[in-house]
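Per-chain numbering from 1; labels A, B, C, D and E assigned in written order.
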C-alpha cells in the first residue's frame, strides 16, 4: 500500500503556477528521485508534503488517511521529516542545538526538566561521525562552511524514526566523501522501510540509490518511471524539454 | 450645548486634574446652563507644540464659546492666538502670557507664580536669616511657571532682582549640580536630592519649586529627611516646597518640611467657567484674577487648606 | 511547448495593481481616507478650510523628519535623537538670529549643526560598529543638553533683524493658501521619493537593509552610505526645526520632546520595516497624516481627556489592521 | 595523520576565557567597575553604605523590566509599553487597595492586568503579524490612558488596611540590610538566567530571534512562545510597578513615563541585540547598573544641570566603546 | 607569467586554523579546480583572494605586484570577480538589481544621472538567457528557487571583463542544463585569457573543464597536479586522506 499519495496537487504564488496538477504515490521503503530544472517546482512540492505550504488544489493521503496540515510541526508528528534546501538553520545557535531544535533532550523530572547539553553534544557528535562530517557540535552554525551546515540539516532527520524522509538537495554542498555517506544513509532508511524522496541535480546519485525517478518541468510532472526502465540521457532530455513527456 | 473650553498644559499632572475637578463640579452645579465646561490638553506637559495644536483645534470648533488656556510655552500660544485671530473670548488660566502679549487674552485667572516662589523664599529666609548653601529643585527645564517661582525665591533670598544663580548674594550659595531638573518625576527628584545631600553634607536648605518629590514619592522623601527631622524643627535645615497635593500636608505635619506654599487649582477650574461666561456676556472682568495661596507649616496643617 | 524561455524571463510576478493592493501604505491610506470621511460627517468643524489648513500644517513636522527616518529604517537602523536634534537646531537658529545675525547665517549654522550631529552618529555606527539604538539614545540626551547650554535654558522669542522673515518662512502661506510648511514637506517628499527610486544612493540604501554583508561584498560603500543616511536624518530634523521655529515664533528647550517615537511610528505605519529593507517616502507622509488626523479628531469629537490616549493608541494599531487582515487572509 | 575525525568533532572553537573576553557584557561590566573605582576616589560620598544602598535600590526598577525586555529583544521584538504598563499596574494596585481590599487582592489584580496586556500585545504580534513597534507604541498610549481612567488622574497615597505591608514590601530591608527590591531583582535575574540557559523555552526564544522561519519549520511553537515573551515583559513591568509603589508610597499617572527607552538601553548596553538572537539576564542588570551609576554620579560630582544630559549621553555611548574597540582591533 | 601568486598564505579564526601555509600560482587563461572536504578551507582561501578576509600570514601577488586589500570592492577594482558560496544576495531586491549591485547602469548626465531600469532588466535578461536559466529579472530574489538564486550570483561575474574569476561552488544548486552552461561559460572565460578558480564537489565537472586541480585537506594544500596527470580516484583519495600527499 502507498505510504503517501498525492492527487492533483497544484500550488500558485500570485501569477506564478509553481506546481500544476501533480499526482503520484510512494510505497514504504521506496526511494523516489525527484528531478527537474531550476524553478520546476520540486521544492514547492515537497514543502507542501512537509506542511510548509498548503496546496491550492488537490489532496494528499498518508497511509490512506487524508493529510491536512496547518503547521510544519504537524508533518513531523505524522512522521514526515524534511531536509530543507535552505537548511532552516538558526545561525546564533550551536550545531547541536540546531540538530535538536524542536525536540531537545532533557533530564530531570516534571517541571524541573532542564536541557541535557551533554547528551545532545554527544548524540550530535555521533551523528556527525556517522556522516563522516568534520562538524563540531559545540560551534555556532554561523561560522560553519557550506558542507558543515548541510550536515547539520541532514543530522536532524536521523533523530527519530520517520515514515517519510524528504531530502531537498541534501548533497548540494557536501564533499565526495559525505555524498557517499548520505547515499548510504538513504539506503539504510529504505532498508528500514522508510520512504525517501530525494531531490537532486546529480544524475549519478539519483541513479545510484533511487528506485524510481519523477521528472518535473514547469510545475508539471512529465515522467514517473522505474530507474531500470530509464537512462540518464532520457531524464536529461525530460528535464530540458528535449523529450516532451513519457 | 456650547462649550467653555479649558486647555491645560498636560494631562499627566495631578495639579491639572484638580482644575478638572473644579470644572466638573461647575458642570454638576450648572447642569441646566446653556454652557458646559470642557477640559482637555495634550497627554504630556512637555508637548508644547501639541498644546498649540489643540488650541487651534478648539478655536476651529463651532461649539466653542470661550476658551481658557494654561500655556506651557507662553510665546508659542501667543503666536498661535495671533494667527488664529479668534472670534470667541480667550483668557489664560494658571499660567499667563508674557506682558507684551497680554492684549491677546481678556484676563488671567490663577496663581501669581512669582509671588508663590517669593513666599517659599521668605520661609527659607526666616529659617536661615544668615543664608547658607541651598539647592533648588525644579521641574521641566522649559516650564515657565517653575522658572518664575525660582526667580521669586532667588529675588526674595537676596533682595536683588533677576539673578539666575546664587553665588553668595545675601549669604546664599547654590551648590554645584543645582538646580536639579526632575522632569516632573517624583522618584527622580528624591534620588537627585539624596545624591546632592550625600555630596554636600553641609547643605542648609532645599527650595522645591514643584511638589513632585513630596507627593510623587512620599515614602523615600520621608526616609531621606526623617534623620534630619530635629534639624528641620530647629531650623538648622530648611525646606520650602511648593504645592499641597496628596501626602504633602501629612509630611508637613510630621515636621519633614519647613513650609508648603500651595496653589488652588480646584478654585481655578471652578471659577473659570463663570469668568468665561462673564466675558461672553461682555461684562467687565478684573485683570488679573488671582486665586490665593495656601501656606502650611507644621503648626498650621489642620487649618491651612482653604476648603 | 507553449511557454518559451524568453517568455518566462519577460514575465513579471505581480501586476501593478497587485503590487499596490499588496502594500501596507495603500491600506493605511484607505484608513486615513475612511477616517476623514467619517469625521466630515460626524463633526461640522472637520471639513472646514481652517481645520484642513491646520491639519496639513501640523502634519508637516513629523512628516519631514519621518522622511529622513525612513531612510535610516530602510538601512535597518534607528535614530532616536531626532527630537533633540530638532530642539538643538531650533535653538542654534534662534540664538544666532537673536544675536543679530541674518536669517541666512542662522539657517546655515542650524543646518551645519544638524549635519555635524548626523555625521557623529553615522561614524560611530558605521565605522566603529556601535548599535544605532545606543548611539542615538546617547545623542538624544546630549543634543538636548547642548540646547540648554546654548540658550541658558531660556525661551528665545526675538529673532533679531530678520524676525519677520523667519516667521513668514514658517507661518506664511505663499501659494494658493497652502501653509508654507506643507509646500516644503511636499518638495522634500518628492526629492526623497526620487532618490529612493531613481538613484544609486537609494538603491544602496535598500541593499544595505536587505543584506548588509552582501552589499559589502558586492562593493557597495556601506559605511559611507550609512553615515550619509544618519546625516540625512539629522538634516531632516534640522529642517523641521527651522520651519517649526518659524511657525511657533518661540523656542524652548522642551520642543521636540518625545517626538522620536511619533516619527518612527509614522514611518512604520507607512510601511517601513524596522528589520530593514523596506519603506517609502509616501508611506512616511501617510503615517504622519494618520497620527495627526487621530489627534485632531479627539478634540473635535469632544472625547474625554482621560480616554484620549486609548483612542490614539487604538487608532495606531487599528490603522495597520487593514493591512494585517489582508495578509492573514492571503496566508490561509 | 595527526588529527582524527573524532578529535575535530570534540574540538571547541573558543575557550571559556575567549568567550568571556568576547562578550559585550564583560566589557560593560569593566566600564561599570572603572566608573565605581573612579567615583570612590573622586568623591567621599560614593563608597558609603548609604549611597550604595540607594544605588542598588534605584537600579532595580529598570533592571527588573530589562529582564523581561531582554527576552523580547532576543526574539527580535521590542516592547515600548513597559513604562505605561508599570504605571497602570501600580495604579490598579493602588486603587484596589485604596478601596479597602487586602494587599493580596491588589497584587493579584495588578499582575492579572499585566498578563492581560502582555497577552494582548503578544497575540496581535504573533498571531496577526503586527509589527511589535506599532502594537506596543499603541499600548504605551492606551495603558497610561487607562491608568488615568482608573484613578481619575489623582495621586493615590493611601493604600487601605494593608498600607504598611505594602510599604514594607517595597521600602524595607529584610535581609542583611539589603533593600528588598534588590533581593527581588536578584531572584528574578537568577530565574531569567536559568530559563534562558537551561530550559526548552529559553532555547526557543533564542531560536526565534536567530531565524524565525527556521524555528517555525523545525516545529518550535513560535507563536505561543512569542505571546509568552510579551506576557513576561508586561509581567516584569507589573512586578516593578508593585515594588515601586511600595517604595514610593504614592502613585501618580506619570510614573514610568519615558522608562521604555531607559529599559531598552539597559538591555542593549548589556549586550542584547535588537536584531534578535542575543542577550543575557546578567547583561540586563549590568546595563541598568551602568545607567544608575551615571545618574548617581551627576549629583555626587556636582555637574552643572545643563551639562548633565551630555554626560549621561556620553557615558551611555562610552560604555559600549570598550567592546567596540576590542571588536575593531580584532577585525583588523 | 602568473596572474596570481600566493605565497605561504595562512588564516586562523580563533583556535581554528582554516588555511595553513598554502602557496600556488595561476597563469592567464588557466582553469584551476580547487577541491577538498567540507571545512577544508577552500572558501576561506578564495575569500582572501577576493579581499573578504585578510590573510593572517603570507603574501599575494597580482601580475607581479603585491596585492593588499582592505575592502572587497578593491578586489573588483583589481579585476577579481567572485561567486560567493552563500551567493551574497539582497532578498529585498529584484534579480536584476542584485546582478548590477555596486555597478548600476545609469542614464542622463552629470549629477542628474538616474538608474536605467530598462537597460538593466534587458541586460540581466540577456545574461539569464545565455545561462539558459528561467530567472525573471523583475522578480524579487526572496521568492526564487535555489538554482535561480545561483544564476543571479553567476550573472554578476559576466558584467565586466575580469582578470580572475573565483567560483565557489557555482553549480551546487543548479540543474543539469545550466551546469553545462556554466561549464561552457568557464571555457569562454579561459579562451579570453581569464584565469578561473573553480571550487566544486563534483568530480566530473572539475575533470571536464579544469587544466589543473589543487586539493586541500584540513587547511593544507596536499596536491597540485595537471588534470591529465591525475584521476578522479586519486583526487578522491587525496580529499578523504586515503592518499596522504602527492
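Here is the rule we use: contacts are C-beta pairs under 8 Å (C-beta built on N, C-alpha and C of every residue); 3 or more make two chains touch, one makes a residue touch a chain.
Keep in mind that what you see is a predicted model, and the values were worked out from it rather than measured.
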Required minimum of steps from chain B to chain C, each step between chains that touch: 1
Between B-D and C-E, the pair joined by more C-beta contacts: B-D
Fitting chain A to chain E on CA atoms, where both chains share a sequence, rotation angle to nearest 5 degrees: 180
Inter-chain centre distance, chain C versus chain D - centres from mean C-alpha coordinates, in Å: 29
Chain A and chain B, separation of their C-alpha mean positions in angstrom: 72
Inter-chain centre distance, chain B versus chain D - centres from mean C-alpha coordinates, in Å: 34
Sites on chain B at which at least two other chains make contact: 11, 20, 43-44, 141
Residue numbers of chain A (touch at least two other chains): 13, 134-135, 143
Multi-partner residues of chain C (each touching 2 or more other chains): 11-13, 148, 152-153, 258, 305-306, 308-309, 312
Chain D partner contacts - residues on chain C that touch it in the complex: 76, 78, 80, 124, 128-131, 133-135, 137-146, 148-149, 152-153, 258, 261, 264-265, 268-269, 273-275, 305-317, 320-321, 324, 327-328
In the complex, chain A residues that touch chain E: 13, 35-40, 43, 85-86, 133-135, 143-148, 150-151, 169, 172-179, 201-203, 236, 239-240
Partner chain C, residues of chain E touching it in the complex: 50, 52, 71-73, 76, 82, 84, 87-93, 97, 101-104, 106, 114-115, 125, 128-129, 132, 134-140, 143, 156
Residue ranges of chain D touching chain B (in the complex, touch as defined): 43, 45, 48, 50-51, 54, 58, 141, 144-145, 148, 152-155, 157, 167, 170-171, 244, 246-250, 252-255, 257-258, 295-296, 298-305, 308
Footprint of chain E on chain C - complex, ascending: 5-6, 8-13, 197-200, 203, 206-207, 209-211, 213-221, 277-278
